[in-house]
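Shared between the two complexes below is chain A, which pairs with chain B and chain C, respectively.
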Partner chain A sequence: MNPAQLLLNGVVTGLLLALPALALTLVFGVLKFPNFAVGAMLTLGAYAAWVGSVLCGFPLIVAAVLAVLFVAGASVLVDRTVYTRLRDRGPITLLVASIGVSFVLENICRFCFGNDARNFDVAVARPMRWHGLRINHEQMITALAVVVSLIVLHVMLRHTPLGRAMRAVADNPPLAAVRGIEREFIAGVTWAVCGALATIAGVLAGLDRAIDPLIGWNYQISIFAAAILGGLGSPAGAVAGAVLIGIAEETSALVVPTNYRQAVSFTVILVFLLFRANGLFGRKAISR
Partner chain B sequence: MRGLRAGYGSAGDVVAGVDLALPPETILAVIGPNGSGKSTFVKTLVGLLRPRAGSIAITGRDVTALSPARRVASGLAYVPQEANVFRNLTIGENLKLATEFLRARAGVGHAQQERVLALFPQIGRRLRQFAGNLSGGERQMLAFACALLANPEVMLLDEPSAGLSPRFVHEIMDAVVRVRRAGVTVLLVEQNVPAALRIADEVVVLVAGRVAHQAPAAEVAAADLADLFFARASAA
Partner chain C sequence: MIGYLTTIAALVLIASLVGLGLNMQWGVVGLVNFGVVGFFALGAYVTAIVDNGGAGPFGGLAAAAIACAAASALLALLSTRLEDDYLAIVTIGFGEVVRLVTLNETWLTGEPSESPISSARSPAGSRPMPIRICFSCLQPQRSPSCF
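Let's look at the complex of A and B:
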């Protein structure tokens, strides 16, 4: 296969991974635990958009916006019913709770929609050709949607009071509290943002492949590999890590069969946790 | 504060029944030997540690059940001993965050910002620099500025001179005096006793989590500190 085509596919796959990897790293930065349910949130987002688009007949963009609002609200609800009570119990307890939440969300989707694969009702379009590269419409939509989402998130984190407050809580939670910032409010905002990012990724994943209860799980290892590679807690690192993982997974097809693609992500997780646990852009944790 | 008791986990009380009133617009220094509960006391006042018993009021209003954020909105400001600025945010962002979530509080606004930056001119000139790149003394100045922007009635300072060079200790203590002159009541927890006695109006000696002695600063300066710290400790 054309290496340039693999590179292009890798960049687009990486961009899709960037959103849930950002969701994972934001929760880790602000709430200090790795949210195992990020894949299940992606699944929930894909199904929510499918309901809006196929069952209710809304245009896909409208269905996607409604799904973002629904999953953002559901994420805040899960936080208030599960994580808030466990907030001070430490990261291991919260990680285990998020595994439970992941199973619950995934099985709610299975209960409501069964195991059959579902698809968005979008017309099949002929791919574009450019210098020997094949670029399909889903790839262009994915790249555009992710870049717009990243710009919006960047502006929010850098230039709005809420974004500054999220970064402040991530930096020093007790100091944020004595600057008048309510931690629970910021936790709710973080979960809403996390749900929105996972949902956008779910819709984009649903354009690329069939929607089933395991759609999020199929991305889970790659999402964690991207966030760990970039340095958990570093938003810019998560994006860079996701693109690198996407490229590594796609170009691995040159040397190993494609069904071993996820082994690349596993290897990245293993190597980085063993030799550079703070990733490419993360800072060493200091505890006393 | 009345009958204040606080501690960690299932261990005994670190603050073991403190009754104290802060006279308005004064500097009250809290001194005592290591492990006497000074930092625990101040963390309990600001709400970072839930008291086991007792009550805390600011200008007559009970704030015992309020979160730290709500206490700040009620007129309390706190400058921690370490990690007193957001290191990954710029100086400008630190200053903005000091008031962004306190807009409803009276006196918080542009005029207050100008007054505070006039007190700390070296901060206002470097707004785009990351706070993590500041020296210890400069970080302390920034932390003071952030606390003052909230237009507090009472300011709690936890060992502001810790880890600073003698020159910076002098500057920091002068800044505390300027804060008091601006009409703020200051509770100063300090390990550096001579520096605290130089600027304090009143001194409380905390031993084993209890108020062992309370007197004007001049009187404490004339007394034998070893006697104040250790004779009371053995009595406690």
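Let's look at the complex of A and C:
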């Protein structure tokens, strides 16, 4: 296959991974634990959008916005019912809790919609050709949606009081508390943002392939690889890491069967943790 | 009913064995291992493959212990210096890779619903329990068609 085509596919795959990787890294930054439910949130978002667009007949964009609101609310609800009680119990307890949440969310989807693959009702369109490259409509939608989301998130984090408060809590919770920032409120906002990001990724993933209860889980290792590669806790790193992981996964298809994409991501995680454990931009991961 | 109860009892015993192993590793030593099912699967598959190769079930068991020890040592070399949450991620990744290999390399591991330990098969030809259990633990909801 044409190397430029592989590169293009890799960048688009990476952009899709960037949103859940950002969700992961934001929760890690503010609440200090790796959230294994990020894949399940993606799945929930994909199904929510499917209900809106196919069952209720809304246009896809309206369904996606409704799904974003729904999953953001659901994430805050999960935070209030599960994570709030465990807030100071250390990262491993929260990690185990998030694995539990992941199973519950995934099986709610399974219970409501079964194991069959579902599809959004979109017309099949001929890919565009440009200098020998084939560009799908899904790829263009993905790139556009992700870039817009990234810009909105960047503005929010850098230029609003809310974003400043989030960064303050991530940086130094006691100091932020002294300055009168409500940690619980910021935790809620963080979860809502993460739910929203995961849902957008879920809708885009659902456009690209079929929606099934494992759609999020199948991205899980790649999402973690992206966030670790960028250094957990660093938003800019997560985006860069995601694009690199996307390119690695697509170009590895030349030598490794595509079933092993997640294994490629896993290898990248291992190599990075071995040789440069704080990722491209992040903090130290090794203590002893 | 008796059959049902013995099946449940066997499942409980197997789960407690895995639990004891995890307790040793996590509870006593403090290493978080979320990839324990990966080793569980590796053990089951090596036993089955070696047994089918003609070495008998005990040969299979020995081979499984050696293979799992080797895999653990390799993973430990790679990951001993990592902090808790990173170690958790690496071990989960290991478990996923084992699952990917067992699902995709069907020339070696058989189709996902097969039951490869020959000597565990009862004369009536129905219930090769150990492998069934491994599969039910490993892929409660992860069918190969999903990726």
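Throughout what follows, the second predicted complex is superposed on the first by the 284 of 288 C-alpha atoms of A that agree within 3 Å, B and C clash if a C-alpha of one lies under 4 Å from a C-alpha of the other, contacts with A are read in each partner's own complex, and residues count from 1 in each chain.
Going forward, contacts are C-beta pairs under 8 Å (C-beta built on N, C-alpha and C of every residue); 3 or more make two chains touch, one makes a residue touch a chain.
In this text, all values refer to a predicted model and were calculated from it rather than measured experimentally.
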**Asked** Based on the superposition on chain A, does the combination of chain B and chain C result in a clash or a fit?
**Response** fit
**Partner, of chain C and chain B, that touches more residues belonging to chain A** = C
**Asked** For A:N172, is the partner it touches chain B (first), chain C (second), both, or none of the two (neither)?
**Response** first
**Request:** Pick one for A:P161: touches chain B only (first), chain C only (second), both, or neither.
**Result:** first
**Request:** Please work out whether A:R110 is in contact with chain B alone, chain C alone, both, or neither, and reply first, second, both or neither.
**Result:** second
**Prompt:** Should A:Y260 be classified as contacting the first partner (chain B), the second (chain C), both, or neither?
**Reply:** second
**Asked** Just chain B (first), just chain C (second), both, or neither: which does A:A236 touch?
**Response** neither
**Message:** Applying the document's definition of touch, where does A:G180 land relative to chain B and chain C: first, second, both, or neither?
**Reply:** first
**Asked** Roughly how many degrees, to the nearest 10, is the angle at chain A when you join its Cα centre to the Cα centres of chain B and chain C?
**Response** 110
**Three-chain overlay, closest Cα atoms of chain B and chain C, distance in Å** = 21
**Interfacial residue positions of chain A with respect to chain B in the complex** = 161, 164-165, 167-168, 170-172, 174-183
**Request:** Can you check the complex and tell me which residues of chain A touch chain C?
**Result:** 33-34, 36, 91-92, 95, 99, 106-107, 110, 115, 212-214, 217-218, 220-221, 224, 228, 257, 259-260, 262-263, 265-266, 269-270, 273-274, 277, 285-288
**Complete:** chain B contacts chain A in the complex at 46-48, 67-69, 72-73, 77-78, 80, 83-89, 93, 96-98, 100-102, 146, 150
**Message:** Considering only the defined contacts, which chain C positions touch chain A in the complex?
**Reply:** 32, 34, 78-79, 81-86, 88-90, 92-94, 96-97, 100-101, 103-104, 141-143, 146-147
